[in-house]
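Here chain A shows up in two complexes: once beside chain B, once beside chain C.
Let's look at the complex of A and B:
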């Protein structure tokens, strides 16, 4: 070779190890993600370890301490059956978080698969898929969920299915539009010239490049699902009492809002904080992944 | 920079007036999170009335930032931190936004690279053109409209009275750029700033626009700053040239003097990277090693020292200032002759490849058609059909390079996709002995950003089940070595590479399966001149070493004729001239080839002056309804009724050439 070798100038690029680290480091260094961790971390920590806390069980009634305002003994107070609201809130958070993550996961997986197929192959598959998503997107999501729950019955699994049903079309659309723009990239053509299979193209070239925006959408969907679940439970269509979901807790207290504000308000604040935390999280992920948002 | 004084005295006009524009010690910084990028680092020059100055340099040299600084049009976070910009004796840098707005458009007009984004897509041309004219020239709307139509007519927009009410999307790129020029000139500016105004256009359109700008500025007596990276264009267009490197002018002077006697090593290297017009024997193109310096880091000594063959001790310690080298000619180098003796050292001869009739034919294309059928408006109407490729026949022998040239829309990229089997042909035969692989135009989208380079190069091997893991890694190393990269690249990601390195990786990937032919679609058009030479040299080397055939698709005729053995000139989906590269380039037979070659700017101001200055008029007709006769008849200076009625077929013109023209012989 007459050509001289081009060696990498050392100062320009860090080596691979630090690059991987810097990905995580950048995620943790982002102020929004730090904020999200500061909000969600304690809530999750308390929820996971609530059985170790010196709290009465969420269903344990105490007729000696009914409708007590927040105090050192009961940080969030008690409801009209003397149940500890902090304990019930944490149990509710557990259910809410489960619903949130189940919905996000379901929407992510189904949306990823269907959206990829629809965008990649196009044609009849795409038209049928788009017709179906259009139908579902035509209904307000809460209305759709209410309708579904009334058919499927109440409980955890129906609630998760009902909420994801309105999220899945959105994810299919999102994934499809990303696939459409990736499908004609030169690197896909390059792989096609060596007769790479469709599965190879989808799994190696398309999905790795769409997963990041989908994660952002999933964290928003999780926050939304928690709110919708609370709404359904509040309407008496979600998790059945006495199971302590956050929506149930708010409903329990709504008739006593003037006498005992803490029964509804404090679980409500927790919902708010979870929703805000998840939004910060998605915003942070987006900021880190999207180079344009960096100044 | 007080050494400017005597020079100014040299240049001062006899009437004793000040220069039109006098830039003094301009500094522009971009205050980014990663540090301060010193984009412009003390630039001084002046422009007289009616003078056209070209500013050339690689991307990142600060030429655009400099031009934008003049009118304070810098994008955030750019900021002019120091300097004087005296326009007719008034310092623009000290003006308020409000005062500057009076200058913009009225005294200084601007034309940008991308006519797509410079015009508002939802406003009619009239609505974008008339209000500024009313404001700048104090006219009522009727008069301003007449003025606007007059300008549109001047810049060669047919039927200007009607087209003024068109939207930008109803016009082609060339037409939009004409509208931009009309808008810029309608304020009767004293100075025009044009930032790569023809880069997005075809050579023929570029030639039209350049002629137009030249004519109109000399007519109105406006001065002009012309930013470009195309040295050929500079030779055709400019009175003076400024060469920028790392935010500084490294050489400045009259165009003929700079091309004949460049003094700075960077200017010398830039000129040597262009394939020469006279190609009796092919020499390797000079290439500039290394990268431009990181403008965030402090610089000690000359900015070019790391890439300069003539650098000596002093260059590492002290930065040279511009010194006088001739009348009005200044250069910033410690050596009086720049590279001097070292300049021609690299230019080793490229031994010509021997081709014989016995070499096996690796690609044979016979009567190839590709038609794209749209959807018809009404079900009983015949759907519109675009005949992108309309019956072409080609063949390529082992080790041969076929160049395909033509304006955009002539079907050359479609031919590439058909050769690679990415799209099915409508009719005709393609025979490829072995495998066809591709190198793409846009180095940015050629690679999956989530894959390591080793995986990218290996992908063809993995997909076809070639060898085991160890063998594949060994092959990857071998390929990297062939394209002149070292092993450390294997674990990098595409976003860590420069444009030239990406194109090397693209070539490595294309070579992985030892293809018989590599199709390269505009592989160098997104690259800087210095890097372009590296890639062309690499392809010439590979062609000799591996005896792999190339199909080189480009609109850059100089490059195509340098690298190719045969050239096929395409027009509207057909080959109009086909034959040995040197012959086609030196003695074109078809009027279209002649026009294309005439449109290519040659980096030699003396030769440029002597050349035919009549650019091909008009634009490519719509491929939706092709004329029944010769497709080129609508733009051909020699067209007759016979041409319009009867289609000329590709016929033998000489022993090694064919042309499709009734009057070629």
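Let's look at the complex of A and C:
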């Protein structure tokens, strides 16, 4: 008991050091992360190695096997052009994963830089930045993305940009609020008294302490981006057919719901599983990186 | 309080102006201009030029912007490109459908999630982990289900297999029974996602309140558990819940677009998707603006309600 109370602050001070040494092990030891790996691992594995699987290509039509229900030959069935739904779903997962990763990375980097500057320097920069984020936060996220896609056009890059633009302001806000609370801590003052430069203060003393919540937010943003991309593609405003994305696969099956339930429902199950996996991942990262939630 | 409201109102005005400006200039970023995008290759150069002059697109950008602000001030949103109908009329016609869906969803959500969340909190408080975990787990899965997929699954089960609700058919506000039957599934789908969030928040805030001294006092006075739970605990936990209802309104607006599209309901979400598909930028611009305004105003109202009902919040 007493030992724990002594080691806890020490662990906090060298948090980054321990993260480098045993961070990976701590992450892998967390039950939520294990659950996330158990869900996301197989999906990722199949997606990456899908070209080696005994599956027809995602665009390959087969007029001998049109609208077939799930069977051993076609685990997810086929659509009205005889294309294998499993193969198309995996190709869609690849796009989803890319969109999720790109949006999370973009939001994280831009939010980190702008939020740090805004919170650290304050003043006019901060006020302008807050006014701009206010404007972007005035739109519900899917609707902002719909509006932007109607201007930027459809396809992968516009979709990533459109979704990021609704996430970036949230990241700026998050980072700014953390920087504001750290800015006047005693240890920052201490660093200032030994003439640490502004850049040193930001990169060495402030940013390392804000990384954990940002990473948690990023994994939530990735899950959200995957859902928004699917939503956009479903509405016919995202990734356009014949290129398969999870959203337009579901849209494809919508008109054949009565004859072929599997076209729409099975890719949806995969989206749900990815979302649940990413949810556990963010929960796990939060538990591991946040010393307060550690038991 | 009054100073605070006025200050927030001024802030709101600045945000709205920013939103209008953003929407205006974003729409001008379309490669080429709206006219050639709308007309495609069907019109000659002279005809295009005439249309541009008609819509004021040959003026300077600043003049266009000022004209736009002027027309917004008198609620003139222009006409649609294809049918030449006034956009404001179309929106006002479509609005009742969207509002019915939104209101229905809020009612259903509150009716289910608050008792559910309170129950989960009570169980957690008493140490019955299983039921609490079950409610929390189901809430998480519901929360993560993409609404368009849930819609299709519900459509498949309740409309196509069981035939309980019509999957298509006309909807007018004059025929409430038909309207109810048609929006029942959309409301159910949207509620599923909202219930998850609401139940979680209810659980957290009730759980927090349950360990307060006044709850113990109420118990020691011999009130029944139900009375303690609903009269004392829930009442004090209500504030964060109200805030979340307000803030989740954005998600609800997102959701109405999707369900209107799937269930072919003539609401403003369907107008939006239709507008994009027919490249009617005037319509898209107006609708995006409209959604943002609703969202901002609801957030503003939520903030005020919070401050009115919580005496602890300082101005």
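Just so it is clear, the second predicted complex is superposed on the first by the 272 of 295 C-alpha atoms of A that agree within 3 Å, B and C clash if a C-alpha of one lies under 4 Å from a C-alpha of the other, contacts with A are read in each partner's own complex, and residues count from 1 in each chain.
Keep in mind that, in the parts below, contacts are C-beta pairs under 8 Å (C-beta built on N, C-alpha and C of every residue); 3 or more make two chains touch, one makes a residue touch a chain.
Everything numeric here is computed off the predicted structure, so don't read it as measured data.
**Student:** Just checking: does A:134 make contact with chain B only, chain C only, both, or neither of them? Give me first, second, both or neither.
**Tutor:** second
**Student:** Once the structures are superposed on A, label A:231 by its partner contacts, choosing first (chain B), second (chain C), both or neither.
**Tutor:** After superposition on chain A, A:231 lies in contact with chain C alone.
**Student:** Touch test for A:196: chain B only (first), chain C only (second), both, or neither?
**Tutor:** After superposition on chain A, A:196 lies in contact with chain B alone.
**Student:** Tell me which partner A:124 touches in the superposition: chain B (first), chain C (second), both or neither.
**Tutor:** neither
**Student:** Considering only the touch criterion stated at the top, classify A:209 as touching first (chain B), second (chain C), both, or neither.
**Tutor:** Only chain B is touched by A:209; chain C is not.
**Student:** Please work out whether A:143 is in contact with chain B alone, chain C alone, both, or neither, and reply first, second, both or neither.
**Tutor:** After superposing on A, A:143 lies in contact with chain C but is clear of chain B.
**Student:** Just chain B (first), just chain C (second), both, or neither: which does A:63 touch?
**Tutor:** In the superposition, A:63 contacts neither chain B nor chain C.
**Student:** Quick one: classify A:72 as touching chain B (first), chain C (second), both or neither.
**Tutor:** neither
**Student:** Enumerate the residues of chain A that count as touching chain B in its complex and touching chain C in the other.
**Tutor:** Shared contact residues on chain A: none.
**Student:** Which residues of chain B touch chain A in the complex?
**Tutor:** For this pair, the touching residues of chain B are 32-33, 77, 289, 291, 294, 348, 417, 420-422, 435-438, 440-442, 445-451, 456, 459-460, 463-464, 481-482, 484-486, 488-489, 491-493, 496, 501, 504, 506, 509-510, 513, 537-538, 541.
**Student:** For chain A, which residues are in contact with chain C within the complex?
**Tutor:** Of all residues in chain A, those touching chain C are 131-132, 134-136, 138-144, 146-151, 223, 227, 230-231, 234-237, 247, 250, 253-254, 257-258, 261, 264-265, 268, 271-272, 275-276, 279.
**Student:** Looking at the complex, which residues from chain A come into contact with chain B?
**Tutor:** 1-9, 11-13, 16, 19, 185-187, 189-197, 200, 204-205, 208-209, 294-295
**Student:** Within their complex, state which residues of chain C touch chain A.
**Tutor:** Per the touch definition, chain C meets chain A at residues 11, 14-16, 18-19, 22-23, 26-27, 29-30, 140-141, 144-149, 152-153, 155-156, 160, 250-251, 253-254, 257-258, 261-262, 272-273, 276-277, 281, 284, 288, 291-292, 295-296.
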